[in-house]
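Quick one: structure below, then a few questions.
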Amino acid sequence: MPDKFVQAQLSAMLMGAVARIKANHKELSRLDSFGGDGDHGSAMLRAADAIAKTVSGAKKKATKDLLSDTAWAVMGIDGGATGPLLGSFFLGMSDAAGKGKSLDAKGLSALFISGLEGVMKNTPARAGDKTMLDALIPAVEAMQTGAKAGAGIPDCLKSAADAAAKGAETTSKMKARFGRAKNLGDKSIGNKDAGAVSMSLIFKGFSEGVESA
Amino acid sequence: MPMKKFVNKPEDLVSELLRGFALANADKIKVLDNNLVVRARPKAKNKVAIVTLGGSGHEPALSGFVGEGMLDISVPGDIFAAPGPPKVIEALRMANRKAGVLFIVLNHAGDVLSSNMALEMAKREGLNVRKVLTHEDISAGSRKNPTDRRGLAGCLAVIKVAGAAAEKGKSLEECAAIAERMEANLATLAVAVSAATHPATGGVIADVKEDEMVVGMGQHGEAGGGTQKLKSADETAAIMLDALIKDLKIKKGEEVLAIINGVGSTTLMEQYIVLQSVKKVLDRKKIALARCLAGEFLTVQEMGGFQMILGRMDKELLSLWDAPCHCPAWSVK
Amino acid sequence: MPMKKFVNKPEDLVSELLRGFALANADKIKVLDNNLVVRARPKAKNKVAIVTLGGSGHEPALSGFVGEGMLDISVPGDIFAAPGPPKVIEALRMANRKAGVLFIVLNHAGDVLSSNMALEMAKREGLNVRKVLTHEDISAGSRKNPTDRRGLAGCLAVIKVAGAAAEKGKSLEECAAIAERMEANLATLAVAVSAATHPATGGVIADVKEDEMVVGMGQHGEAGGGTQKLKSADETAAIMLDALIKDLKIKKGEEVLAIINGVGSTTLMEQYIVLQSVKKVLDRKKIALARCLAGEFLTVQEMGGFQMILGRMDKELLSLWDAPCHCPAWSVK
Amino acid sequence: MPDKFVQAQLSAMLMGAVARIKANHKELSRLDSFGGDGDHGSAMLRAADAIAKTVSGAKKKATKDLLSDTAWAVMGIDGGATGPLLGSFFLGMSDAAGKGKSLDAKGLSALFISGLEGVMKNTPARAGDKTMLDALIPAVEAMQTGAKAGAGIPDCLKSAADAAAKGAETTSKMKARFGRAKNLGDKSIGNKDAGAVSMSLIFKGFSEGVESA
């Protein structure tokens, strides 16, 4: 595996996320059913299909375009809260992608940072609010730390995935303040947030996709 | 346990239900190829257009409110899931006109996210759109934290008065002001007694114990509010109405609108019985029941329960409420 | 298990539901002291009046069909029980006029007994009344034994065309002939998937096994017809439609009306999905779906399931179907 | 107990039926729930209340009027099939009642025969169709036999009640051909007909009412 990242690797990374989501959508719906409406898995499944379709139709697209096409495809799934938020993550990544054809770990990290900003622009939720951000923020931070330390993309993604998983884990102790689950109040404590788990699956899939590429 | 629903493949739910909806209401609405629901006979271009968006699975809401005196376009999403921004921006473009577009959004995370992203694009494109958020669910937060409050079936009243104002030729500013005044004087509370199943996932939403009811249940089975022992129609109506009156600070002598919105398996028979309970309580409190309505307008699949909606009315709101409308879900002559 | 219904005392069910019904539909109907339901604005005296009777608990039927272009008087009985002859004769006396009274009766033992006794008295008093019996349920007997067939939600179509004919000023003979022609060309089949509880007794009506459905279930939970494994919307629609087409001997190229009548907890979403299934089958058979409708018109409390109604239409029936009507349950403009 | 029957005895007879029905209405609804709609007990309860109200308001009414008032009260209950049929039984009895103030067993038997005719005029159902007639017909016959043999009213009513009970018993082997239960077809076999049982309770009550008068 080259330490520069070209379109084929980006596609593999995205397809890794697709595979992870497809394998776990039922669990995501189950988690959403505690305080939400039990459909997060099916929304993520549609998002995964939309990503897969975009990737497979994207022979030789520039990174920027592949990411913005992915964003629009995800936003187009009619996916409740998931579509717009996940879409704005990819749209944010696309915004930061330059014209260049390849990316190193620092470059990918910069894309993730911009993706996170895209999400945060669209929701008042912050760390600790029991949302997907509780997986996304630590993942992006771990990626950044790794890149700064000079690690390659695969290692950086592995630590990002670990951080996301840990972040998702912590949401079970949190009280939901956004999304449908907020109506549960204190009763939301005890179960992991569906969106945080799906975000951790995405990073796990990113890492696996790049490994196998 | 298998789901006892007459459906085909889960992924076809929305397109199939829209096809049947279009067949059954061909005189009133059309479903376009992109699934936007528009009027069969479009409103004159010099009048304000009204657009809304929302997840499916709540039939007849929200597409059933498209028609004369009500909405111009509804953007249906997937089951219980807001439509994505791309479809919403398409609808805003299609509705756009010099007179302007009133964009009514129910306060749910997905709908707000999609509508905000679409609005941003609309602004960039120079479209003349004005958004009004409905969030009249008193169970989910105090009147001081309006963003915590969900948008429930009270949107019917907001759409009705805004729709009538638009039909009368009022300006976008005026229509928005009317919608906001209705919204500010509106309060909804839901009660659930039995669960529903999600038609795509088969998952149970909002399980309620055998001898209990949940006041404050959301319209997707989101938990919340007060679990309590089952009560009679009179007792339940009194509990809910007291909370609504308190929230709106309705005083003796004021005129109100009351709507009983059945959410699924609670019968029209029960909705009527609850409505007469409401009338009895209002009579005791010397509050005038100026207008009322009962029926299934915004459902939660086959959930048992209803939403009670109370609105403080003034002369203009009453006359807009009485104005004609004709849409799949409702008709006023 | 306690009944999960919002009711008060069982003996007050009907009077309370009628009170709520009157409140919610004050612009369309009035409920008189003797519980007869009449139009808010009576029809001109030189036009034929239309009267029906039937048990309560099926809301909006039958009183929800009182209004312009539909019924003049409905005589509601107790829950699932026909009103007694004394009340029926009162209604016939009140409706009586030179132009005559068309008396539409659904074929159920109690309704037939009450209406026959009332008719006998009406004849003795010289009232100008003509009875038409509806019995379009194909599950309960062959077309050759019409008295075995129950009157189900197909009455909506009979009332619609007869109501339009009366509104157009047609004579009693003509109105009766139109009602009878619609009735003779009408077939209904019901399917049930889940039980309801009787709101007065709390008894379970029409229990259906977890993975089964019953085709041919009556509208009070009377058993009958074919118990089978649950099927998809497309499959169920095809089975039911085939039976209806066969019963009516509908041929390629003919024009039909199809109504999907939800009986309780089956959602409008599902009714629309079934309607599009019907359209697909009819397309395959090259039968034209000239008109269609979906909604809850005649319910069986919170039973899960629906009635599928098929009618062979001719030019006159189509134009009467399209004529305006405005009643609590339905509005055509 | 006098062997002539005056208004007080007629009232007692009717009130005996009222008491029997009130004590057994749940069982009647249960029987109706097998193939019917489970409401026969509540219809009979309303009929019983209507009879009781008529009787209590009927100080010194002629037999004919008491019976026709009872008939109209029963028909007025909105009782599905029960109201009109039971009403026509009492209306038929009233039709045969003369101006006289007292009745012997033969006279009462003649009233019952006319009551039965009133019912049969209003329904095509006959013996063996699993309806109230399967209790009513044997009851009226037993009454007639007793009266012809010169028995007094109490004895006649006792044998009528026994015959009605036996008749109701036999309906469990019959297939319903009328009323809502007919839709059950062969499956209607095995349970007694609700209407037949309530008719047997009425005759049992008649007999008890007269005994205790």
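Things worth noting here:
Read from first to last, the chains carry the letters A, B, C and D; within each, the first residue is number 1.
Keep in mind that, in the parts below, a contact is a pair of C-beta atoms (placed from the backbone, for glycine too) under 8 Å apart; a residue touches a chain by one contact, two chains touch by 3 or more.
Remember, it's a predicted structure, so these values are computed and weren't measured experimentally.
Separating the centre of chain C from that of chain D, both taken as means of CA atoms, is a distance of 32 Å.
Chain D has its Cα centroid 77 Å from the Cα centroid of chain A. A straight line joining the Cα centres of chain B and chain C is 29 Å long.
Our note on geometry: chain A versus chain C, Cα centroid distance of 54 Å, whole angstroms. Along chain C, no residue makes contact with two or more other chains. Shown here, the protein chains touch in a chain-like sequence that does not close on itself. All chain pairs that touch, listed by label, are A-B, B-C, C-D. Chain C meets chain B in the complex at residues 1-2, 4-8, 13, 16-21, 23-24, 27, 56-57, 59-60, 193-194, 199, 210-211, 213, 230, 232-234, 236-237, 260, 264-277, 279, 289, 292-296, 299, 301-302, 304, 306, 326, 331-333. Per the touch definition, chain A reaches chain B in the complex via residues 29-30, 33, 35-39, 41-43, 46, 72, 74-85, 87-88, 122-123, 178-185, 187. Those residues of chain C that touch chain D in the complex are listed here as 10, 14, 55, 77-87, 108-110, 113-114, 116-117, 139-140, 148, 150, 198, 200-201, 203-205, 216, 218, 220-225.
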